[in-house]
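Got a structure for you, written out below as structure tokens; questions coming shortly.
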């Protein structure tokens, strides 16, 4: 990993003023990331990120919020249970929250579509963003989805368009925003709610453009090659941090978040508060432009 | 999100080729996949790459598109020197760097999007055009950065941006960074909005996945060519989720998107330039009010 | 837009009264239209006007509602002196002025909405409550003006406005001016929004037509009591447009509105005050950030 | 009518600063309104407003716009043909337009639901309002509907809520807005797009809280009493002007707008330009508050 970090420094990538910040952040965290992860280690992150006992959004809400009022419905067609939205009291602040919710047992998983949102879910989220903006509530988002729901109605209702609109709604917010990938950060369904001032990622979460299985099916024409695919595109937290995609890594209890929900929640809570405090320091009138600049820096190319 | 569109749809029609195939022209780029008519290059050029028999819109290369839309000699390309790096040292059955080199050789392009200053119907604007021939029009760091710069120049000049899309989605080989081109290009559109610059994407076949789910859907006006596949998830993958059920006939196509409220207009290729000219005139007058 | 709700739904359940009707209590205001249980006044008062047998929410008079929601002694009414004029000298089978005088005598209210300063769970706010007993809770100039003034006071004090709605719609007898109470109350909500004051409507049975289609739908949070009819066009009129087809069982009711994404929560009457207290606490802390 | 005007002056109604403006406007126009209309005359306005040859939104667009690009779709479910939206060039300005469209022949009428919009129609309109706001286009709206569509799907998709949201979207616009009732201004379906800086009304249009037939059915329990009902609540232009609901009356060719579409369009065009010019004079930062004040004045009551 140190090699790659060195390479990152040399390339004309992550350009502009953000680079130094990113690098120093990287430096601070690199001690924790012991070594270049092997194929097995990356696959372990994939498995942990999808672990059936991993805490979900509502598990964290229950532990981190003093009071939480869930909000429902897109005001047009339905309430999408794959995306939980609400307002509440978090560490003595009032905040708005949007998070994917996979569901614990098979019944709930099916009801929540395994955390795969429909356009109506993102529309509900945008409604809560408006509410946050109107009342000056910072916005927290928790990302945990295999991806947006790939069905007929979801497509017909404009899945692509609403993922785009949810992102630009986050881009336009004047309030501080913090996102954290707490499990699977799956492609468009994930970035729909992850365009934030600060983006965090739990140590065993993954964040990726496509599922390992999907990637394997396309590139190797063999879904069985998922492990190999995962090793190739490295959806693990250390890689995302190294590439400047996330700002910091949120530690998990030994063995992973599923081993101790309370401890995982405490660590997440501390990280969210720190990021929120950090994001709140920016002059509100400059926040939108700063947020744009952050995402502008993402990418690697030569000029 | 797939970095390729469904082959089934990409090549729709071609499976219906008469088994005879006189002259072995099926699959030839100048053979119409809908009606099997075959054309010389100059014939297709004269019809904007539209089959005179059945109206099929053949894919256009980026420079052909520019020639059709921009006033003669007005296009001045920017950022042509940008090239992808290989942040993951990505290797599937081939190295990403090899794929890039091949694509550049084949297409003569540095990546899947070109952009520059242009005039359309005597109205100054910025014009960006994607090319599906370059790795399926997939969006990696270079596409994202070029789009960002096009927006930045539009905003600083107070000019509209017209962007013709054609993309299978994210450039998987750049891993998570390709996904990040979605919020990046969305932020670029936000910059345009803050500057009150019109943004007019023209969606062509295919505009899917990460491109549809980012800047392509954020236009002031939503326009498509006929028959284009515009879907976040393509029909092949959706078919898997619904098992035996039958997909609607025109699932994901421009016509169904129009009917379902996602498009302002479907514009035939020959009418695109005047249509854009009208829009630019309306927006230009608006900005002087 | 009807100025009355559909009688069919307003009195739903009552048609199922056993034909025996021992004691002749069917239709009595203290007889539950759902399960026919009959209660003394003090029994209903002890249960917030909710049938202990079946959960039916009896209609509440405005002052009863205030007593249930506001901290004891905290409510200080404003604008009680406002009275409708009769701009059209309206006369159907009776004169509008007579109807108004009767309504005032029967209800003891000046019009279908009362408002004032209040505390809910020790949080200061403004509280406005509609009364269906006053001409079907219909919205005329006085309801509109009282709502406006409540918003104005909220905005100037930086306090939330809680508004309990119950209305058949516009006050037809004021003609076009009753329609204008829709944009007027909408503008009042816009004033609250500009001042970043929370607006929390609580919709109760029935909230329909012009009130649903104006301020009642513009809350920061959308709350309803169970079983309330919340519809722009009531089931009787919709039934006419669909002729023989059968309306969904719970058409227009709170439960169907919740399922269809139009409500954040359905809150039982006994839980309303603590629920509002939680919301006010969250909003109050937000405004100090 | 003069009597009533006198009464209007005496009552503590149309209160505040707006009163004088309203009254002087009233005064200016009162000469044209010859006398108190009879039951027959009011009914004639109802018939003219609904006349099958009356020009509709697209008839005016065709005659008044140099160029017009129609915009379609709510980006979620469908395109509602009952509400026509677009941008175009009108008397050397770029403007956005929203208008009900009834349809001329029976086929088109059925396709357009006789100008009765679904929630999706109002959502399309709100999209165009956003576009107008972003690019500084003034907004023109043409109102011509028996009312919002009273069907099952329309209700299930939130008809009431979207009428409300369409109104508040107009309330929040920073650009100048002018509405004109060009035929039937039917209840909530009409006000959804009529919350404008200036509200005009054609001489033979009607603007009402309920249809005469609906009113008769409820109050007299007899839809046949429509004429009587109309006379009682007077949906005619002169009455709306007198009550301060509209700012001025747009003249029509002799016999009514249906007699000469070109002449009617010319008169409408002149009136729209005058109102737009007038509305554009207001300082943009005060426009939203001024617009609110305008609607605040509507109502008659004693204190």
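Read from first to last, the chains carry the letters A, B, C and D; within each, the first residue is number 1.
Here, a residue touches a chain if its C-beta (ideal position, glycine included) is under 8 Å from a C-beta of that chain, and two chains touch if they have at least 3 such contacts.
Quick caveat, the model's predicted, so the values are computed rather than measured.
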> Any chains in contact with both chain A and chain B?
Replying inline: D
> Once you count every C-beta pair in contact for both, which comes out on top, C-D or B-D?
Replying inline: C-D
>> Let me spell it out: compute each chain's centre from its C-alpha atoms, then which one is farthest from chain B's centre?
In response: C
> Taking each chain's centre as its mean C-alpha position, how far apart are chain C and chain D in Å?
Replying inline: 28
> Distance-wise, how many Å sit between the C-alpha centres of chain B and chain C, to the nearest whole number?
Replying inline: 52
>> Centroid of chain A to centroid of chain D, CA atoms only: how many Å?
In response: 47
> So what's the Cα centroid distance for chain B and chain D, whole Å?
Replying inline: 41
>> I need the residues of chain D touching at least two other chains; which ones are they?
In response: 75-77, 157-158, 161, 165
> Which residue numbers or ranges of chain B touch two or more of the other chains?
Replying inline: 193, 260-262
> Classify the inter-chain contact topology: is it line, ring, star, complete, or other?
Replying inline: other
>> On the basis of the stated criterion, which chains touch which? Give every pair.
In response: A-B, A-C, A-D, B-D, C-D
> Okay, in this complex, where on chain C does chain D touch?
Replying inline: 1-4, 81-88, 90-93, 140-142, 144-145, 148, 170, 172-184, 186-191, 193-194, 208-210, 212-218, 230-233, 237-238, 241-242, 245, 247-248, 251-252, 256, 260-262
>> Touching residues of chain B toward chain D in the complex: what are they?
In response: 193, 196, 198, 220-222, 258-265, 275, 278-279, 281-283, 285-287, 289
>> Under the definition above, what is the set of chain A residues touching chain B in their complex?
In response: 11, 13, 147-148, 150-152, 154-161, 163-165, 167-168, 171-172, 187-188, 190-192, 194-195, 207-210, 214-215, 218-220, 229, 232-235, 239-240, 243, 245, 288, 291-292, 295-296, 298-303
> Touching chain B in the complex: which residues of chain D?
Replying inline: 67, 69-79, 87-89, 92-94, 120, 124, 131, 134-138
>> Going by the contact rule set out above, which residues of chain A touch chain D in the complex?
In response: 75-77, 119, 123, 157-158, 161-162, 165
